[in-house]
Each structure stands twice: as structure tokens, then as C-alpha cells.
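Chain naming follows the written order as A, B, C and D, and within any one chain the residues start at number 1.
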Amino acid sequence: MPLGPNTLREMLHTMQTIRRFEERASADYHAGKIYGVVHCYIGEEAIAVGVCGALRDGDQIISTHRGHGHCIAKGADLDRMMAELYGRRDGYCKGKGGSMHIADFEKGMLGANGIVAGGISIVTGAALAAKLDGKGGVAVSFFGDGASAAGPIHECMNIAAAWKLPIIYVCENNQYAAQTPASTTIARQGEIVHRAAGYGIPGVAIDGNDIFAVHAAAEEAVARARAGEGPTLIEARTYRWRAHTERAGQPDYRPKDEIEGWKSPDRDPIARLVAHLKRDGHLTDAEFEAMDRQVLDAIERSCAFAEKSPFPAPDDALDDVFAA
Amino acid sequence: MREITYAQAGLEAIQEEMRRDPKVFYMCTDAIPPLAKEFGTERMRATPIAESTMTGMAIGAAGSGYRPICDWRQVTFCFVAMDQIVNQAAKITYMFGGQQKFPILYRAGVGGGGRLAAQHSQSPYSMFMNMSGLKIILPSTPRDLKGLLKSAIRDNNPVISFEGNRLLQTKGAVPDAEADELIPLGKAEVKREGNDITVVALAWAVHEALAAAEMLAKEGISVEVIDPRTIAPLDAETIKASVMKTGRLLVADEAGPVCGASAEIATLVSEDPATFRKLKAPVKRVCALFVPIPYSPGLEDHVFPNRTKIADGIRAVMAA
Amino acid sequence: MPLGPNTLREMLHTMQTIRRFEERASADYHAGKIYGVVHCYIGEEAIAVGVCGALRDGDQIISTHRGHGHCIAKGADLDRMMAELYGRRDGYCKGKGGSMHIADFEKGMLGANGIVAGGISIVTGAALAAKLDGKGGVAVSFFGDGASAAGPIHECMNIAAAWKLPIIYVCENNQYAAQTPASTTIARQGEIVHRAAGYGIPGVAIDGNDIFAVHAAAEEAVARARAGEGPTLIEARTYRWRAHTERAGQPDYRPKDEIEGWKSPDRDPIARLVAHLKRDGHLTDAEFEAMDRQVLDAIERSCAFAEKSPFPAPDDALDDVFAA
Amino acid sequence: MREITYAQAGLEAIQEEMRRDPKVFYMCTDAIPPLAKEFGTERMRATPIAESTMTGMAIGAAGSGYRPICDWRQVTFCFVAMDQIVNQAAKITYMFGGQQKFPILYRAGVGGGGRLAAQHSQSPYSMFMNMSGLKIILPSTPRDLKGLLKSAIRDNNPVISFEGNRLLQTKGAVPDAEADELIPLGKAEVKREGNDITVVALAWAVHEALAAAEMLAKEGISVEVIDPRTIAPLDAETIKASVMKTGRLLVADEAGPVCGASAEIATLVSEDPATFRKLKAPVKRVCALFVPIPYSPGLEDHVFPNRTKIADGIRAVMAA
């Protein structure tokens, strides 16, 4: 289904929200309000938004260590996200999880995950549940090029293919695992799409910075999954703008011009969507500025919400080890 | 009451719970024939040899409203799934601030005696006790196994059931289906009362300890045998109450001693001022020798504890 | 290189040795002289022999739980093998390992392994060592169709392809993992060869009961590996004649006529080689009978050797935990 | 002597051994820049994110004459490799009857304090101590780290080096390359002498225990602090000798208590008749609370032990 201008503007809004959210998260991290580690998704927004745009309520996704984008795209609440980053009681995990562990099971977001490839089998289990439920639910596993080298994606593609599970495996190939280029550690010069053949499932490689390409590939894969025809592997080629993590003094060994090249307007997924909408007369500069102000306001509110939320009491550490 | 085997008791627990609750389903690298027959391949799912994925899928299915049972068969095979156990199953409830429940039963055989050599003769339960977030049962009788498995399936958390390989064909009285007997997680049982020494024994070692107690009764030593049944959480109260009475503690376990359940039990007693003050003798562990388990029968038998070694240990504590 | 009659007769001898060794091992297992568990390779002999026939001294292989065939094909000593099965001091592992753990590092046989897929990365490390040595050494990883569902083979094919390691991954696809048919748990109806595409390495599916096909595929893969061109995946289709293990009362759920069909002379790898040699005038019935007697004698001697070897002393259990 | 950081000391140990022995090479999911620079990509191998395969490849390379170093980075990541650790590396020498040597060094960061939440703040060393076949070091100072790593690389067995995340930037005196100082595996060090109580402390907790000892000296309590440095095998003799003198034992460890190294150390002392008889007070563990590690600073700090909690523990033992 071609994307109408309203849908596209909503998608743009979500992409911009991801970017602004992370700009703020990174600033607040360096300001000492957010702790531990923050992995930014900036530059890759079209993937989460394009894929989640093909899903409906009740569908489930799982994320990686680089989770904010997937959370926001699946409809998570900015206030509770920011409160979690701030380590507060009203955060999604009551301050127990932080950036690497935000989840919203009500929205079908089964969590970020600190372990590379650690979530793939979990969401494959959600796909099995969807199949057993028989209501046409679909699951999505996001994972990185780095994760493609680990066993779980293969075990899961095999079982999902053999059992025709309704799942889409979305590889966000940003060409690096931390400092290591995929071309040095991943066969076929870092191309992952070819793995699909081993399991007899469709494999699609797309420009992950093109929201149209992402959404189209996702729609097709989702339709297939809902129809009971099994999994699809999508390799979305992209690039991360920021360093692997926000840690201070963290070096970034990627070539400077490579980084800058990916930030250019003809490759930036947001700039590309803005240009498209403007070209077709569906967006003006002023409208985009207004949208951005809205986004920034929402993020400002989320920070205020987070600031107001109390830190958990020390003894809260003893709760939630087990469910009742 | 009927007498059935440990293996049969385990199967009955699963069957009864699968009948009771359609959300319960079973995964194993081979189908279990009676389950396949009764529940079909949708609910008795024969999986590829991918224990890591089975283990993770159980988490995802549990978070989506099911109550999966994931049978690793031998504990040995679950080490390929250790990330899913340690980093996911054990922590997911907590990390996510308790927003979702993860009712999962993991099953695994433990223990040696089968001449299966180092990889297939392991009893590493304390590795799992070491992390918080898991409940762990280690039943020694058919009745305990059945009642604990049924409780485990109804629990809203990941529970691991470690089941003694040496116990599979042992028989015992078990209430039938109508009784629907649930044995609560976290409650030890005094398997034999006595006054002179407390022997806390695990799984197969319970039977060896009872045999040793029988022998020693003739020598005038009155042995109390406690079976924790659940090892996470441990029922420290029952153990400590016994030591308050006897003033002596021996732990008998088929596993090795180092950082074992035996070390934990010994420490519970020696760190509590009340029980410590009552101790008339040093605590003692009678465990496997600290080596990988060898294949040849004479070697294997030498490595494992048994009733004779337990009896010797008790005598040593009595004499200390 | 086409196989000459002498080489073929040697190969036949080795195949027959594997079969007779296991017939005896299984009889002695049921007689209580061998303990624990024994997994028989009977019916699959052409694979081990065809592949090892393409190797030279110094090349290394790793095996599975079904290890006797690989041991014998790589030149292990029958006496020390049988002594290990008997649990004796002169066994390869001094009685510590048994059937699932026979190894002969001097012969480049890096061990059977009780863990499905457990050896694949170990022998991939041997391939890395061979590459670092720079002397043209090659490594072979045998694994089953069941093991193809587990992560290690994929992690290893990826790294071996990315690093061009001199290794051959040989999948012995006997269509079952214990009781479970590959067609129900392995994508593409249980065909594994397609996985090669994901890593950009050659994948070859062959009749694993045809010693010529096995040997030819192995020669090509070995040449490639020695030339520094990296790994190959070989899928050898075969069938196991006996139950998964020799345990008494162990049921076998495979269809009876399927089992019998694979035992027919036109599928039995040994009968096929015998027929070939006879057709070409390189073997007579009498010669094959003599060869078989030789084989049986050698096995009888290995049992006598094993019987004579003492059981280890109980305290020997404390040795060999650590190397000096 | 020069003062260098713990991180630098670790790097020097690797560099010196890689210079000394061309068979040593290094694998890690990211290249370590100074190693890549000096030794090139053949010996400083950046691997895919496949710790299970790295771990197994190290075994195969070791069995083929190399001395690989496999850096898991955080212990958390090695759980995907647990089969290779438990079922292969720890048992291979034994299972194969000692026919081959497997010299391997595995490295992993342990410990919390970084606000990294449950998965990235683990100290599960006792899970590895529980099985035989592995040697394990847990150094607390730059000097110990360097000397133990050098010994570990020269050892003919799989050795795991657990390195405290909190220690990386701490500084201490370290002999330089010419000294080629080797600290033997299996030897504890008395880090502070004292008479009233023995505190066995691990890794980061050594420093907290020393700080606590300093505080308590002012209260007239003389604390002996022992650092096992190697936790497999444990130097039971040094620990027991200290307890024979002091009659009291406290174990301080950043890990949780259950089946921990702390339980093992406590049990060593309470099961030996000689030390048991000398005990004037119950043993005590000062460890992390038994929960997954939470993210928010106040929660995390509440969960971990520190000098204050250790000092309180010591006072409690002295008063018991």
C-alpha cells in the first residue's frame, strides 16, 4: 500500500522524535543525569519507523542494546522512557533497567537487550505464541550486523522456517560492530541477506535509510507472516552517526569522511523524507519547524516528568526478583 | 497409595498440568511419546537441537501468555543455552521492573553413575543457585517430583527442575490425579528424624543418607535426614532448626564440593550465631571428589559418594 | 585424482574395519564389557573413509558422539580404542573417556564429543593454527544433520569464510537426530547444503554412501583449503543402520522398510564398493572374505589387548585434571 | 617502582608474553589498539561477535601448539560460550587422559559499580570454581594482575583471569619488563597483618577491606586482610593459618553470597577440625545482596558491599 502524506508526516514525526530524544539523552548523559551507557540510533531511524509502521497493535518486537528507536517507533511513552534513563521510580523498569533494558510489554515491545543476539530467540518464542494464538499476530526481531555472526539468528531462522513462524528478522547493517568493520569479520564482505537461502526463506536487502524501501519490504514480509507463510530476512543497510556508545573519551576509529558522507542530506533518512514531502508539496519548511518544536516540547516534558519522579528507595532493590 | 517410578511421576505431573491448562506446552529435542500421543505435535513440540533457542523461545512464549516447559534432557546440554538462562530468564522479571510474568519450567537430568564420562555426568546445580532470579527444585522421590513439578508449572517464574538420573527407575508412593497434590516450592522435608546429627542430603544422596542412617542406628547414632527438595530458595529454617537440636551437620551431595550447595548449607549454619553456638563439631561435606567424572566403572565409583562414605563421614563428625 | 584399485581396496578394508569394530563393540556392550553408551556409525562408513582418504598426515579432524568411524579412518589404533571402550588403562584416555571421548592427537584426531556441535569450533581453531603454521595443513569438522540446527556451525562457517581458514565442514546427513526426522526440524526439508551460500563458500551435496563421490568432493575441498581459498561445506546424505544408541530397550521409531531399504546392497556403501571392485576385476569373493577375516582377526586381537589391560586404579581418577 | 594502572599492567603482561613467545596470540571482538599496532592483525585478531566460537577455537589452537588468549571482555558475554568452557575446556585434558596440553588464557571483566544494570554487572566466578579443570585468577592490584597473567599465559592449562571492572583505573607499583616478575598461581597474599580477625577479600573488596581495617585500627581492632589472588585452586593453607591465629573469619566479596567463593572459604574453615576449634565467633559473609544488579545509582550502591558494610560486619563478628 503506498504511503499517504498523513502517514508519512507521522512517520517523519516519529523519526524526528527518535533523533531529538537521543540528542537529549546523550546531552543529559554527558551532564551526569543519565548513567551507565547509552547507545544512540541516530542515522538509522527509518528502519525502526518503517518496520513498525507495517505492524499493528498486538504485534511484538524485540530490540538490541541500541533500543530507543525501536521503543519510540512501537509507541512507547517518552515520559517513562526518559524517567528510566534518569533512573527514576516512574521509569519503565522502575529504575532497575536503564537504557539497555527498556521494555513495554503492553505495547508489544519485548525489550532492549544488553547481549548481542540475546533477544532473537525470545521474540521467536513470541512468534510461536502468536502462531498458537492463531490471530494473525506477527513478531519482529531487530539485530545488528555484529549479531549476524552469532549462532542465535541461525538457530532461529531455521526453526522459524521449519515451523513457518510469523516473524521478520530485520538486520540493521550499520557496517560496524563497535569498532570492528563487518567487512573483516562477516563473510561475503559483510552482506547478510544471503543467509536466507540456507533456510529457504525470502531475503531482501534494502537501503535502510529509505523509509519507502523499508516500509515496502516490511509490509511484504508482514503479509507473508500473517498469511502463515513463515519468516523473512530483511537486511537494511545503514550507518550510525555517533560513536558506538556515549562513553566520554570513547574513540571512534571509523574514517571521518565516511561518517560525514552518511550525514549528508541525500543519505540522512530524515532529510530524505523531508525532501520527498516538500517536493510533493506535503510539507513546508515552516511545517517541519513546527513539527520539530512539537517534538522538542514533548522531549522537554519527558525530562521534566523524569526530574519530578523520585529515585527509588534503596530497599526497592529487593523487589521484582520474582513475580507473585 | 500406588507405587510408581520417578520417571512416571514426572510424566504424570506434566500430563495433569497440560490437561488442566491449555497454555502449557512442551519442547524437547525428541518428542515424548505419551505426550505426543495425547496432546499432538502442537503442544508436544520436538525441536531442533538448539537448546539456546528453545530456552529463549520459552521466555518469549511465557511473556506472551503461555506456560512453556522446556526440557533440556541432560543439564549438560543446557550450557549452550546459558546466556538465555543467566542473562535473560533469571534477570528479565527484575530488569524490566516486574512489568511482566515469565512462567517457565525448565527440566534437566543431573548426576552420574551411568558410566557416561565427564560431559554426561554432571550435577552443577550450585552454578544456577549462585544467581538470583531462578527457583530450583531437586526432588528425591516420585511423590516430591510430581508435587513439585506441578507447583513449578503453576509458578509465575522461571523454575528449573533438576532430576536425578539415578532416580528414574526408583519407585515410591504417589497420590493419584484426583488428589492434585501440590508440594510447595521452598519447603524442606525431614525424611528421617534423629537427634545426634543432621544430614542434609540432595536428590540421590537422600537415599544413600537414609541407608547410612539405618546402618548407624545399629551403632547407636541417631541421624536426622533432611531433604531440602527445593534448593532455591533454600529452606534454611528447617535445616537450622534441626542443627539447633543435633548440634552437628553433614551435607551429602553427589555434586562436587567447591562452591556447591553443600558449601552454602554449611555456611548457613556456621554463620548464624544461634546454630554456630550449638555446633559440637565441625561441619562436613561428603561429596564427589573434585575431578571431572571418569568413565571406567572403578574410577567413577571411586569419585562419587555413597552410603558407606556418608556413614564414615557421620562417624568422623561424631568422633570430632 | 581417480582412485586406483590398491587405494580402493585399502579404503574397503578400512570401511569393513569400522563395521566389524562396531559390530563387536555393540555385542560387547550388550555383554556388559563396554559401559555407558555406544553410538554406531554402521552404514555411514564411506564418509569417514572417503574424506580421510583425501587427507595427509598432520591434517586434523574432529568427530561427534558417533566417533569410531572417524577414529579408524584417521588411523587410530584399534587396540587402544577397544581398551578405552573396555575402560582400561591402556585405552586412549586411560579409561577416563569411553566411546564418546576417544581422541588421538598424534594422528590428528581431535576427539569424539558428547555435545552435539561441540567440536566444530575446536577444529576451526585447529584450522586457524594450520593457517598460522603456513604449512598447508587442513582440518575437517564432521557433524550431523542435527548439529546443523545449532549455532556453532554457522558461527564457524562465517569466521572460516571471512578468514579463509583451511577447513572442510562435512555434514553427515543421516536424516535423523536421535528420534527426530530432519524434515520436521531443519528448514528446506532437511537439506543443509544451501547454508553455504550465506557465507559465499562452495556447498556440495553428495551421496554419502558412494565412496567415489565422497572422496572426489573431499579432494576438491582439500585442494581449495590447501591453496588458501577457504572452507567448503559438504553435505553427505546417508543413513544409520542401527538405533541411535546401543542402549537396551531403546526404541527406534523410524519406519522398518526405510531402514531395510538403506541396507540393500545397492545402497550399502560397503556392498557398493565391493561390487564396483568385483565388476572391474579388482576383487574376488575369496579376496573379500580373506580381507574380512583379517579385519576380524585384528578386532579379536584388540579385544584380547583390551582384556589384558588392567582397569585403572581408583586413585588414578585424581590424575590428568591438569597438565604439568 | 613505577606506578601504573591495573589496565596498563594487564596490557604489559600481554605485550611482554607476546614478545617472548611467538605462539601467543590474542582474540577479542574488538582489536586492542596497542596490540594491533605492535603485533599486527595476525596475532591481534579482531573476531566476529561469536564468543562461543572464539572460546572453542582457542581450545583447538592450543591443542595444535599455540597459546591463545581469548578475551571475552565482560564475563556476561562468556555465557554464550559456556558449553565450550564447561563441557570442553574444563574437561578436555582429563577426558582425553592427559594426552595433550591446552594452554589457554581467558580474560573477562567482572563486577559492578558502573550503573550498567543486571546483565553487565556480574561477578559469577564461583560458577566457574564449581567445576574442576579450570584455574582461575582474580587479581586486586596492578602488580598481582601483571604477575599472575604472565604465569597464566605460561601455564599449560586453561586459566581464566577475572579482572575487576572497578579496578581498571586504580594505580599501584609494578616492576618493569626486565624484572619479568611471575606471581605463582595458587598463592594467597596477606595484604595486611592483624590479630583479631581474618578478612578474606576478593578483587575490589580487597581495597574496601583494607580501608575498613584502617578505620577499625582506630577502634583497637586488628584486622588481617588476605587476598587469595587465585581462586582456583584456593590457597586454603594461608587462610587457615590466619584463622588459627585470629579465631575469626569474615569474607568480603562483591559477588552475591549464595554458593559463592565466600561460602567456599567459610566452609574451608568451619569443616577443618583445627580451624573450627579455634573459631571464637560465627563466620560472616559481606557480599552483594542476592538480587540482580539494578541500574539506578541509589539502588546499585545499596546492593553492593563497601568499606562501611565490611567494617560493620567486622564489628558484629567481634561482638558475637
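Operating definition for what follows: contacts are C-beta pairs under 8 Å (C-beta built on N, C-alpha and C of every residue); 3 or more make two chains touch, one makes a residue touch a chain.
In this text, all values refer to a predicted model and were calculated from it rather than measured experimentally.
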Centroid-based (C-alpha) most distant chain relative to subunit D: C
Centre-of-Cα separation between subunit C and subunit A, whole angstrom: 45
Approximate Å spacing (C-alpha centroids) for the pair subunit A, subunit D: 37
Distance from subunit D to subunit B - Cα centre to Cα centre, in angstrom: 29
For subunit B, residues contacting two or more additional chains: 47-48, 50, 52, 76, 80, 83, 87, 94-95, 117-119, 132-133, 291-292, 294
In subunit C, residues with contacts to at least two other chains: 93, 95-97, 101, 113-115, 149-152, 155, 158-159, 162, 184-186, 321
Category of the chain touch graph - line, ring, star, complete, other: complete
List of subunit C residues in touch with subunit B within their complex: 35-37, 87-88, 93, 95-98, 100-101, 113-117, 146-147, 149-151, 177-180, 184-186, 311-318, 321
Subunit B partner contacts - residues on subunit A that touch it in the complex: 60, 62, 91-97, 101, 103-106, 110-111, 113-115, 118-130, 132-133, 151-152, 155-156, 158-159, 162, 319-324
Contact set on subunit C toward subunit A in their complex: 148-152, 154-155, 157-159, 161-162, 184-188, 194-201
Residue ranges of subunit D in contact with subunit B within the complex: 52, 76, 79-80, 82-83, 85-87, 90-91, 94-95, 117-119, 122, 124, 126-127, 129-133, 232, 256-264, 266-267, 270-273, 276-277, 279, 281-285, 290-292, 294, 320
Residues of subunit B touching subunit A in the complex: 25, 42, 47-48, 50, 52-66, 68, 83-84, 87-88, 92-102, 132-133, 135, 156-157
